[in-house]
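Here it is, the structure in full.
Chain nomenclature is as follows: A, B and C, assigned in order of appearance, with residue numbering initiated at 1 for each chain independently.
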Amino acid sequence: MQRFIERHPVWSLVILIAAVFLLWLILAEWPRGLVAFAGRKKVFLNALLNGITLGGLYFLVASGFTLIFGLMRNVNLAHGSLYLFGGYIGYTVATASNSWILSFIVAFIAMAVLGMLLQVLVFRRMEGEELRQTLVTIGISIVLADILLWIWGGDFYQIETPDWLFGAIKLPIITAVKSSGDAVYMKYPLVRLVILAASIVIGVAMWLALNKTKIGMMIRAGVDDRDMLSATGIRIQLVFVLVFAFGAGLAGVAGVVGGTFQSLAPGEDTRFLLASLVVVIVGGMGSIPGAALGALLIGLSEQFGSVYMPTYAVVLTFLIMVLVLAFRPQGLLGSRG
Amino acid sequence: MVTVAERLSAAGTAHALELLDVSRFFGALSALAEVNLQVRSGEKRAILGSNGAGKTTLFNCVTGDFLPSLGRIRFFGEDVTNYPPHERIRRGLRRTYQISLLFHGLTVLDNVYLACRGVSRGRFSLLRPRRDDALFHSAEELVEAVHLTAVRDSLVAELSYGQQRQLEIALALAGAPRFILFDEPAAGLSPTERSELIEILQSLPGHMGFIIIEHDMDVALRVVESVTVMHNGRIFKEGSPEEIESDPQVQELYLGGGHG
Amino acid sequence: MAAIDQETSQSSVAQTSPRRAQLPAWIENTHPAFWLLALFLLFLPAFANDFFQFQIMGWTFILGMIALSLMFLAGYGGMVSLVQMTVAGCAGYMVAIFGTSAADAISLQWPWWIVVPVALAIATAFGTISGALAVRTEGIYTIMITLAIAAAFFYFTRQNYVIFNGFSGFNQIRAPVVFGIKWNDATPFYYLTLFFAVLSYAVVTYVSRAPFGLALQGIRDNPRRMEALGFNVTAHRIAAYAFAALIAAVAGILLTWQNGQISPGTAGIGAVIDILVIAVVGGLRRPIGPFIGAFIYVLLRTFALDILTEVGLDPKRFKLLIGFGFLAIVFFSPDGVLGLWDRWRARQKARSISSASGDSS
């Protein structure tokens, strides 16, 4: 942090001013001129919160993708299929058992097992052959998409929010002041906030596990130097399988999350695959903090885009990607080479 | 800087290659530390040193395979420090690689032809060259110069190790090089191939200077007029072959287990 | 240039032998089967019906050209670009926007001889810019970035109504009438697509041994060494994207004429992946591969429904069939159908040699 300020004093100042301005936007009562220019504060706050929570969902999907890539250089283009598959399984479990929590567990385990199979049957056989791996995962995603369509059909599914998370929560943020002088407080669906909190917890836990535990540090060293990892005596293949399983399981969990606050339908697999691609391209391949930053940026840009410039929301997302590629091809937090 | 270069070249003393306080760090490791090196135009020089002395890193900085962390590099008076490799090559710099970097799916002639093409116009030409193409002729001559005419149309993958090393040299001689960096050209060669290599190096025109990295003192000292010894990323000693050979410090460095 | 003006390097023996007759080398070097195929294709309209000419062969040639542009980048340049279908779609959209379509409010109704060059130029520029973005990274990133660009184009055309007419796209786009020939009729269209398919095939084959193509293959094998030979690797790669984009753009215009319409789905994610499947199934090593892949794909696409029903399976499972077929190819023959063919030939040759030596002993 201190080093960043020393090295980029101008940027630090810009970031600081932007942060203060954002804080003011969130906390202050908006003056009339601003409302006339940018619309009601409630719309802004909603876009902001939706963007952040969507970013949380994107992070869940993309972090697994980036974790797998970071350690094994495996590009798993079937990652979106794992998301949708996990979501469908979660839906089926949730409707059958009426337990939201159980649906997470089952989706995680099912996708983790599928991930293990992928690692053992596909990736291990084609180690080092990136193109073939990519092609095979494309083939698998085509096959999976059709199988999912076969089983669950083309309908939209939504996983019901459990009672204890249902409804909105009043946030200590004023959206407007009534003529009577009473303040109107921001209300926001509780379930989204819980999911956001959960994804932050997962993200921080992953970061800690990779940076602060001994095995995590060895895995990270392995990312830079394969030979070193095997030299440390870690059973590298076992690590690979477990990391793959964890990443795939996360995609399944994300599917349940997505099914709860959005919906599940054919095509969502590609949507989330693309979202993960863009997130990791922007954030930096193989970097967990990068995935978090990328997910936040993309989530925000999608939400603000769809509120303030509906036709060009996609272009905004895309523009971010182009700018990053043009000026920092390795991604915002990615390392070179 | 340009004026300095102009002045130097006007005085006829322009250096072919000039390194000013060049350092290169890999993380905390410094592979090159404040290296200052001047090589006259047409000068033939050897760089000796144990593994890890920074010789190949020096080459990589000069050719632009990676940029130096600090310092400037001048090529015939022109500051090329931040130029991409291909810009330096087009200015007459060439190099060979320690591990042969050749195009295994192409024929010997195609390899040399590409090298000739790389430093001439028409790199983007969509038209196939005609049989009487001048570049094609110079490629054939080069193939002959390194004694590979017999395997001209063979794929590089089918060549012997020695032949591949010779092809490396042909690639470096393509175009009109002004200065060449040879990275251990004799490594792994048989005695016959070795003497052929020495012959080729000795037959290079006088204006064509080079630096050669070579472990084999016998090869190196027969083809050069000056020697630089590197140790731990620094210049350790400079002098004529005779001076270096008889230098007690150098001998100690070489015999005292610096090797390896 | 002995090595350079040949298809493959093995035939150098033929080069050193004194030249017979006055036939140009390229005729001598072409396998007789090629001439048979050429004759067959030339006279195909004499015995094939309109559906076969227009729908099967026309579509094969068009998809083959788009896949060929991918093959050029992937096979010679080592860059697997998924943006080629999008370039084709972009050209198609330009034809609809500048030319004539049912969407009067948008289409500018310019004459075809302005529309076609403009569409080619814009689509080529689009492909080149995409390439310039993609070459900033290497290897496997290329697939991801080009896929993201393709997706952005798809979503953008779907949301934008002012220029791209949103979800519905454009209808009633026809090939022009030139020299009194209705090029949208089955037989003229067949010859039109045949002409451009053969042209692009020939150009790719030719360029692959010209300095530009040779250097591209050098870059595929060893970019660092190419830099050290004086080649600007980045510029060369971008130029390759431009070259491939032009081929895809031509195919995109033909595709729009053939369909009579263009909509976001034309260059949707599915279509983008299909082009990759076609190129890989056919084989990425040689320019003929994409056309073989396209022919297989078109046949499956057209008849799989009937066949599946015939066999008693659900015709809706067509995608599953394609997916498994693709997986089988990637798993067992990375060089596609062409690879299978090469292996079979090699085995035949080995057998005949061993039997010949058996006779002589």
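Please note the rule applied: a contact is a pair of C-beta atoms (placed from the backbone, for glycine too) under 8 Å apart; a residue touches a chain by one contact, two chains touch by 3 or more.
Treat the numbers as computed from the prediction; the structure is a model and nothing was measured.
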- Based on which chains are in contact, what kind of graph results: line, ring, star, complete or other? line
- Farthest chain relative to chain A (centres taken as mean CA coordinates): B
- chain B and chain C: spacing of chain centres that average the CA atoms, whole Å: 42
- Please report how many Å separate the Cα centroid of chain A from that of chain B, as a whole number. 49
- Task: Round to the nearest whole Å and give the separation of the Cα centres of chain A and chain C.
- Result: 36
- Give every residue of chain A touching chain C within the complex, in rising order. 73, 75, 77, 130-132, 134-136, 138-140, 142-143, 145-147, 149-150, 270, 274, 277-278, 280-281, 285, 310-315, 317-318, 321-322, 325-326, 329-330
- Could you pull out which chain C residues touch chain A in their complex? 80, 133, 136-137, 139-141, 143-145, 147-149, 151-152, 155-156, 159-162, 269, 273, 276-277, 280, 316-317, 319-320, 322-324, 326-327, 330-331, 334
- Interface with chain C, chain B side, in the complex: residues 63-65, 84-86, 89-90, 94-95, 97, 101-107, 109-110, 113-115, 117-119, 122-131, 133, 136, 152-153, 155, 171, 174-175
- Task: Spell out the part of chain C that touches chain B in their complex, as residue ranges.
- Result: 1-5, 9, 12, 15, 206-207, 209-212, 214-215, 217-218, 221-222, 224-233, 236, 239
